[in-house]
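Both of the next two complexes hold chain A, though its partner changes from chain B to chain C.
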Partner chain A sequence: MLTAVKNQGRVSFLSIKYALMQEMLNRVTFFTNILFMILNNASFIIQWIVLYSIQNNVGGYTFKQILLLWGIAAGTYGFSHFFFENAYDLSQIINEGKLDAYLVQPKNVLLSSITSKVKTSALGDIFYGYIMCFFAGLGVVDILLFTILSIIGGITLTAIAVLLGSLSFWFQKADMIAESGNGFMTNFATYPDGIFKGIVKVLLFTLIPVGIVNYLPISILTEHKVEFFFLIFLFMIAIVFFAFFLFYRGLKRYSSSNLMSMRI
Partner chain B sequence: MRKYLFIYKSEVMSSLQYLANILFGFLGYFIMLFIFFQLWKYLYSDPDSVMNGYTMAEMVWYVIMTEILWSTLGGKNLCQKISNDVKSGNIAYNLCKPYSYIHYALFSHLGSITIKAVLYTLLGLVLGFCFLGEFPNISFLSILLWIISSIGSLAISSLFVIFIGLFSFKIEDANPFYWVYSKFILILGTIFPIEFFPKILRPILRYSPIFATTYGPANLFVHFSFQNAFRVLIAQFIYLGIAYVLCYFVYQKGVKKLNVNGG
Partner chain C sequence: MSVIEVKNLQKTFRVKKKESGLKGSLKSIIKPTYRQIEAVKGIDFTVSKGEMIAFIGPNGAGKSTTIKMLTGILYPDSGDISILGLDPKKERKKLAYEIGTVFGQKEQLWTHLTPYDNFKFFGAIYDIPEEVVERKIQELKEVFELEEFLNTPVRNLSLGQRIRCEIVASLIHEPKILFLDEPTIGLDPVVKENIRSLIKRMNKEYKTTIFLTSHDVGDIEKLCKRVIIINHGELVLDDTMENLKYHYLNKKMVEAKMKEKVNLEEEEGITILKDKGYNLKIEVDTTLKSVADALKLLNPDNIVDINISNIPLENIITEIYKKEEEK
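The block that comes next holds the complex of A and B.
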């Protein structure tokens, strides 16, 4: 069992490594993507500077907490999109019959398919997360905690993308649902939860779990609430199991399109 | 001009086939408007108070109008299309055709977003009414001038995106440049009116493309005056010329160096 996990880990690592090497073929484009993604994210700071010039506190968040919220949002998004970019294209892969290539590999089909592509600009998001930590004045221990929280959040985001993408095994137009669902997760992620009330707030901690991926980590980082850490960790385990279950349940319905293509 | 109108018409007809995609796009548009409505509701603890010359209702209508322009534009897809045309060599097929590639790209894109623009405007008005419980008090003439300035805004924005997409002649992937340009427009022109920025920045923003593409048309809807309308239309006329000239020079320079292998 342990050897199988170790082997799978090695294969996934190699898959990501070769995908990254392919992206690095054009160095100028590679570094431009990373740098411009950092600039792209940084531009939103202007929005918050303007808002904090109106009020000292927006939705119960101080400016430092907003920086951390952006850090966590960028870190989780970056981790998920860099290592598991294909999780966001899963609908397309299923609809176009491109799973064939992974079915013949003697390894985990889901992990092989979602780790076969990296998104270079997501590295910019990861770096931006750490830049925000620096400006928010986090110490070394908190930066380590931030890293762990970004990984947990990134895996949770990936599991959500797999869940939504797996719907394509049952529904033809599920790609639109997946795109909208993943969009919800990023749209809400950079606004403080204090501005939302009632049913919307409940949804943000349940059906659209932005609260678990983004808001609770802020409480952990600023107030060191350990119980929240266990909560988000358990949520990650549960949603990952559910994602694997739904994907393999759907895989039984998968039919090949006899697509002939070359993968480089 | 007739051939470009034909291209425009064909794209409008073609976009009707993808109504489901447009309708799903509503979800993202709705969420963004909902978030901004919640944000401004929180900041305006008293809805009748005035912040930098805007009441809460005016602020929400301003954001709705700018979001209509922003969501309709679909700049990311346009930039990718131009960039892919250059990278794949598709652009070479246009060299032997009796039309200008820039005109073709502009009219086909405007055609592909026309239905979306109408639907997003209707949805924006309905959402604004649902959020605030009333429509702003505006005349027929101001609506007409707002529509004209919005068309101008979309044409200028499309040309600027084409200009960025044509960077692919120089650098393989032009998308990063589009991210920065789009965020510049989003942050400085869509989320807030110019009056919310420090006094020192306001004159710069008034002379920037933001005035012609987002602030100007949206402000016409919220604070209409003939003087304002005249300023916006003049600014749009100037920026339309600037954006076209920029596209023309980048295209002319790039196409001379075009090297396509195979066929």
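The block that comes next holds the complex of A and C.
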């Protein structure tokens, strides 16, 4: 069992390494992708600087908390998209019958498929997360905590993408649902939760768990609430199990295809 | 000893029915209707160890669906499959260690990596220790003559070189059965011949069982001793290549250059394929008339040159496909 996990880890690592090597084929594109993502994220913070020059508190968040919110949003997004980019293309992979190549290999189909593509610009998001930590004035221990929270959040985001992508085993055109669902997770991630009330707030901690991926980590980072840490960790474990369950349930319905294709 | 056993294998796909145009699309959104397509309708066959078998049929016959069920890609609706004693449905990972697959239409290699790096990656996928992979690469490099391009990125290789690498990648873990789905698609005749001789060599040297699907009659004729034909999801023929060629249709082709014109139009058992005066091409049905009798009709003294041959395999297969269509 342990050897199998070790071997799977080795293959996933090699897969990510080779996918990164592919992205690095063009040096200029590689670096500009990362740089532009940092600049793109930075442009959004300007509106918050303007807002906080007028008032000190927006939705219960201080400016430091906003910086951390952006940091966590970028960190979780970056971690998920860099290591598991194909989780976001899962609908397409299923619809176009591209799971065949992974199904004939003696490895975990889901892990093999989601780790075979990286998104370079997501590295820019990860860097941006740390830049925000720096401006928020986090110490070394908190930066380490930020890293752990980004990884937990990133895995949770990936599991959500897998859940949404797996719907394609049942519904044609489920890619649109997946796109919207993943969009929700990103769009709500950079606003303080205090501005949301009632049903929207309930949704943000249940059906669209932005609250668990992004808002609770802010409380953990600023108020060191250990109970929240366990909560998000347990949520991650539960949703990962659910994602694997749904994917493998759907895999029985997989219909492949005869489209001509190549691994690029 | 059977390495593949298939019993009453079935697979049905559900496809949405849609009328043409925008109205049809609206209708299918409000009240979708589906139709069932029976891709494989309860087929049975077995394959013995070391056999080279051609699994053929026209487009949409159920070949790919069957091969995908045998390799664990698709779940069958019903029926039993046993590959080397393993059930692909329940033991997909275990089975993957024992079989190799090459899909001519789907590339499995990373195009930006060299074949060497790809083979190393495949070695890791099959949990093979580094030094064993290295030794295997060196061995396969010799057999498949990869020396020249072993360190060239796959994207820069010709199609023939790529297919050779695809086959090598599928052999790294020394599979007992190799499933080849149209391995020579899109290749020129020289490269095709090269790939065929390599597959033959592999079967001879490693005793690998070969399960081949192809539309290329050359692949089938030159590689396989047994042929299974599938059409409309049903097996229509399972016989040796020899029987297929010499007994299934019992026909010979006679091409003759004559001194004088001969009229064979009314003759039983003879079909005139081409009649250009002194050049004649006829098909003799040997169940109705022997070749000797056909030659007597032509009159040996009247013949300048003659060629008697079997019906090309391609014609035989086409004939079988057509017969099935007519049923």
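Methods note: the second predicted complex is superposed on the first by the 262 of 264 C-alpha atoms of A that agree within 3 Å, B and C clash if a C-alpha of one lies under 4 Å from a C-alpha of the other, contacts with A are read in each partner's own complex, and residues count from 1 in each chain.
Keep in mind that, in the parts below, a contact is a pair of C-beta atoms (placed from the backbone, for glycine too) under 8 Å apart; a residue touches a chain by one contact, two chains touch by 3 or more.
Since the model is a prediction, treat every value here as computed from it, not as a measurement.
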Worksheet item: Can A:Asp100 be said to touch chain B (first), chain C (second), both, or neither?
Response: second
Worksheet entry | First (chain B), second (chain C), both or neither touched by A:Ile151 | neither
Discussion item. Is A:Asn187 touching anything from chain B or chain C once the two structures are fitted on A? First, second, both or neither.
Written reply: first
Practice prompt. Mind working out whether A:Val240 is in touch with chain B, chain C, both or neither, as first, second, both or neither?
Written response: neither
Worksheet item: Which holds for A:Thr32: it touches chain B only (first), chain C only (second), both, or neither?
Response: first
Discussion item. Looking at A:Leu203, would you say it contacts chain B, chain C, both, or neither? Reply first, second, both or neither.
Written reply: neither
Discussion item. After the superposition on A, what does A:Ile131 contact: first (chain B), second (chain C), both or neither?
Written reply: neither
Discussion item. Just to be sure I read the superposition right, which of the two partners does A:Leu20 touch: chain B = first, chain C = second, or both, or neither?
Written reply: neither
Fill in: Footprint overlap on chain A, where chain B in one structure and chain C in the other make contact
none
Worksheet item: Can you list the residues on chain A that touch chain B in the complex?
Response: 26, 28-29, 32-33, 35-37, 39-40, 43-44, 46-47, 50-51, 54-55, 58-59, 121, 173, 176-177, 179-180, 183-184, 187-188, 191, 194-197, 200
Worksheet, complete the sentence: Touching chain C in the complex, chain A uses residues 3, 7, 10-11, 14-15, 18, 21-22, 25, 99-101, 103-107, 172, 251-256, 258-264
Fill in: Residues on chain C engaged by chain A in the complex (per definition of touch)
13, 16, 64, 68, 71-75, 92-94, 96-97, 99, 101, 103, 105-113, 117, 121, 124-127
Item to complete: Would you mind writing out the residues of chain B in touch with chain A in their complex?
Response: 20-21, 24, 27-28, 31-32, 34-35, 38-39, 41-43, 51, 171-173, 175-177, 179-180, 183-184, 186-188, 191-192, 196-197
